[in-house]
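Next come two complexes, and both contain chain A; in the first it sits with chain B, in the second with chain C.
== the complex of A and B ==
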């Protein structure tokens, strides 16, 4: 059958193109801005492609003037250590909650489900007090990130864990495997896809977190979210370099998404229970 | 022969959840309870003098809800701001996301490249919220490209200070939240629609229902639980709105605090005025509102588990 071009079809195409443009524009603008100099951004060519591709902006933002490289390292450390802890503790807790029978199991599960939606802002000041002594270390951010992100990890994992047949554990038990060995060498490898799903969700939360980062960090351990805000003051006159900084801050998420977009979408759906 | 006693998992169960509970209790539950406790104390810095902590009963809460000299109650104003900002962004977000989701999953259109559109739709959300706000701040500042364009094309006689006009600041914040979150909502709703039995759409088609009828009589009723759920979780998220207005208005909620949100208010007590008693009271109010909303979510969640 031949394709027919009706008015409706054309309208659909036009709408799709417009909408495509809308979704891409912020990224496009940020990237082109990072390659121009200030006079070009504010002058004749605010939205077009740069006339000269100034890669030097990136060197500026990354190197001496801007402290982006520091902030980046801090962000990476905080995010990955948090991810390691949430995954490990989340897995253990999900396994203990769903695969073992003990008193108060249901109550604990309900409590976790409910507690997940309580915003961390309700606990800010006491946290400030507890973590004040740690503000010069990465732990000041890692600890609250882990505490606030474990419940959602447990919820995502528990959806997967119930699909693993009990026969696996029974077989392991008959073969003489202890409980730790069953959990960590038999169930854990089977949970890898679920762990990745949960980890991506937590990654997006932690990488973009601003409030705790602005409260609990001193300059040496400052993360990107706070860092780029400060950078904007520093680069009041050099918008190109500021744009470069913004691109650098966004790059890890962007790369992650490019490589595994359908995985990321799966994480979003799995983590949708969180407000 | 040894008598078989059966394996008791109770001990192991506790051991497995113990590490989580230690972290959780120390850094979530205890701080939450202490917040409640502190909200009954006066504890702030007056110049160089530290006042308190002294027990003052409900005084912080009473102060929170007492009108100031101009007769307005700050917390209600900021709560109102938060709700206005959220509604301005969320209403178009849900409507457009719903339309797009229906459009992309349409059985009749059978659109090609669905995966591609699904990928692109989430793009704006990848930009860090604070980076996104910086971008808009630059774009709409007095000397920014938008003003440049408006003046040079003759659409405006003089430079418009977008960040000093209530409507424009609020619209910008709503627009950013919309742009950042509508992809997310669309993906969720698409998953919801794809969860509906395709037979129903085919049956409606055979019975001669037009697209509008299919939408209102088949899609919408079956999607309703997910839709409600999406809206309420978005509301809990909206209540915590912080980074976009904070960065865009430099923490001031300009003009005249009309874009100042609840969490910015809390942040202000914690960071600027260091009035921890009041901060505790604001936290408790936030906590009560979100707990109410969460209870609704939890009920719909446990209902869907039963099915």
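== the complex of A and C ==
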């Protein structure tokens, strides 16, 4: 009985296919745009497949004209250094806050989580005062990215770290392992799944960040989001290359999502409370 | 063992660097912004009260006047919030309910519906920009409809609404996934029991499923409300420079184009307060009305 197609089921499928189209069309359109030249985009063929596949648009955006390659390198550096620091600091802090025993640990934990409620906007001008001297370096972005992503990292880690039995520490302690060795060689490896969950969330936040990136980067350390925003102004006449730039900028997150979609979904659910 | 885990020195090594760093970069600037918002001129040293102007900026912000765009910006952000709560969320809920019923291709649909969420908001905005400036006029022309004189983003009244669409579209997948996950975690026997009692379709959704995922609805609501007040990326990319039609845009322009740092700080503080007020309001609204929990408790009592 379940396999029969009823009217309801067909309507359901029609609706789902409609939204599927709505989700996929911009992507399809972006990819086809990146392979056409401007006259074709504006001419008779705005949405169809390209008549000639102009891979040159990619070379143009990547190399001389668009300098996407520079932006990409900068984004990769900023993102991965930020990830390394948020993971390390987040893990250490979570360990000290939730694993060790001391007065006031609840207070400090709440204090850090409260930071999650605060939008970056509120710190913008004082941040420029702190970071303006660093805008020729990657640190001008890495520092705020790390600081603003520490609360959510600790929150995601906290769910896992409190579930590890204390026998772990006890056994390690009896074997003569010090607290640092225990934390980094016994507890840390057990936390890898949680760290990955947090890292994916932070990765998407940092990779796609625009506001700080547009304020705190000079030309040599410009990131992808700001870069392609500028390109869109610069390339007013060359929409094919602009499309190619958009595709290149989207590719890393899209590939990550395609390779581990359920993991990415899990991360973003875990980070949902951030708001 | 206890001694090791409560060693003051190692606790400090673990916790202190992060707490100090976090305080210096996140917490300290917020209080500084608050202080700046009460001055009539920056820079002034902390504690130097000679430039103190009290709540003057907050009053200016909401003094009606032809050149004051901030009240209008706040209204726009509330309109976006209303669209998000009354259109985007119900639509996401509708998709989530359909998917949770297990149609053919359930996980494929779910995975694809989520794709827009992982794409950068800049890319999404630029794509929609091309849509408004390129494709849509072309479609209108080929259908023989009149295209607005200055293009779709040229009309002062409608462009702000058009700039809302991309992020509403983008985050349907996010809300859908949150609700879907919550719906899937409702125990099967609850649904079965309700079905046996004759609930199905809309009745099942409104009486059982939606009440049971209230905690997640609260998460979705606060996400969309806070997102509304902070909305920046999409309209900033789509609209012309120096547009001040949303609080965050207004703050940005006042701060970095007009260099009215103190005044912009007051706007920033207002955004924070707005988020805070709505978060508290949501908490009050959802307090002790935890119907899902009540249902579960009642089931436990019966069992």
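Details
What we mean here is this: the second predicted complex is superposed on the first by the 273 of 275 C-alpha atoms of A that agree within 3 Å, B and C clash if a C-alpha of one lies under 4 Å from a C-alpha of the other, contacts with A are read in each partner's own complex, and residues count from 1 in each chain.
One rule holds in what follows: a contact is a pair of C-beta atoms (placed from the backbone, for glycine too) under 8 Å apart; a residue touches a chain by one contact, two chains touch by 3 or more.
This is a predicted model, so every value here is computed, not measured.
When both complexes are overlaid on chain A, chain B and chain C end up clashing with each other.
Look at A:225: by the touch rule set out above, it reaches both chain B and chain C.
After overlaying the two complexes on the shared chain, residue contacts for A:170 are found with chain C alone; chain B is out of touch. By the touch criterion defined above, A:269 lies against chain B and chain C together after alignment on the C-alpha atoms of chain A. In the superposition on chain A, A:14 contacts neither chain B nor chain C. In the superposed model, A:113 lies in contact with chain B only, and not with chain C.
After overlaying the two complexes on the shared chain, residue contacts for A:192 are found with neither chain B nor chain C. Look at A:49: by the touch rule set out above, it reaches neither chain B nor chain C.
In the superposition on chain A, A:130 contacts both chain B and chain C. Of the two partner chains, chain B and chain C are each touched by A:90. Within chain A, the residues touching chain B in one complex and chain C in the other are 12, 16, 19-20, 22-24, 26-27, 29-30, 33, 41-42, 46-47, 89-90, 92-93, 95-97, 100-102, 108, 115, 117-119, 121-127, 130, 143-144, 146-148, 150-151, 173, 179, 183, 207-208, 210-211, 215, 224-225, 228-229, 232, 239, 242, 246, 249-250, 253-254, 257, 261, 264-265, 268-269, 272-273, 275. Taken in their complex, chain C has these residues touching chain A: 1-2, 4-8, 10-11, 13-15, 17-19, 21-22, 24-30, 32-33, 36, 42, 95, 98-99, 103-105, 109, 111-124, 126-131, 134-135, 138, 169, 172-174, 177-178, 181, 219-220, 222-223, 226-227, 229-230, 232-233, 236-237, 248, 251-252, 255-256, 261, 264-265, 268-269, 271-272, 275-276, 279. Those residues of chain B that touch chain A in the shared complex are 7, 9-10, 12-17, 19-21, 23-24, 26-32, 34-35, 38, 100, 109, 115, 117-124, 126-132, 134-135, 137-139, 143-145, 148-149, 179, 183-184, 187-188, 191, 230, 232-237, 239-240, 242-243, 246-247, 263, 266-267, 270-271, 276, 279-280, 283-284, 286-287, 290-291, 293-295, 297-298, 301. Residue ranges on chain A touching chain C, taken from their complex, read 9, 12-13, 15-16, 19-20, 22-24, 26-27, 29-30, 33, 41-42, 46-47, 89-90, 92-93, 95-97, 99-102, 108, 111-112, 115, 117-119, 121-127, 130, 143-144, 146-148, 150-151, 169-170, 173, 178-180, 183, 204, 207-208, 210-211, 215, 224-225, 228-229, 232, 239, 242, 246, 249-250, 253-254, 256-257, 261, 264-265, 268-269, 272-273, 275. Considering their complex, residues 12, 16, 19-20, 22-24, 26-27, 29-30, 33, 41-43, 46-47, 89-90, 92-93, 95-97, 100-103, 105, 108, 113-115, 117-130, 143-144, 146-148, 150-151, 154, 173, 179, 183, 207-208, 210-211, 214-215, 224-226, 228-229, 232, 239, 242, 246, 249-250, 253-254, 257, 261-262, 264-265, 268-269, 272-275 of chain A touch chain B.
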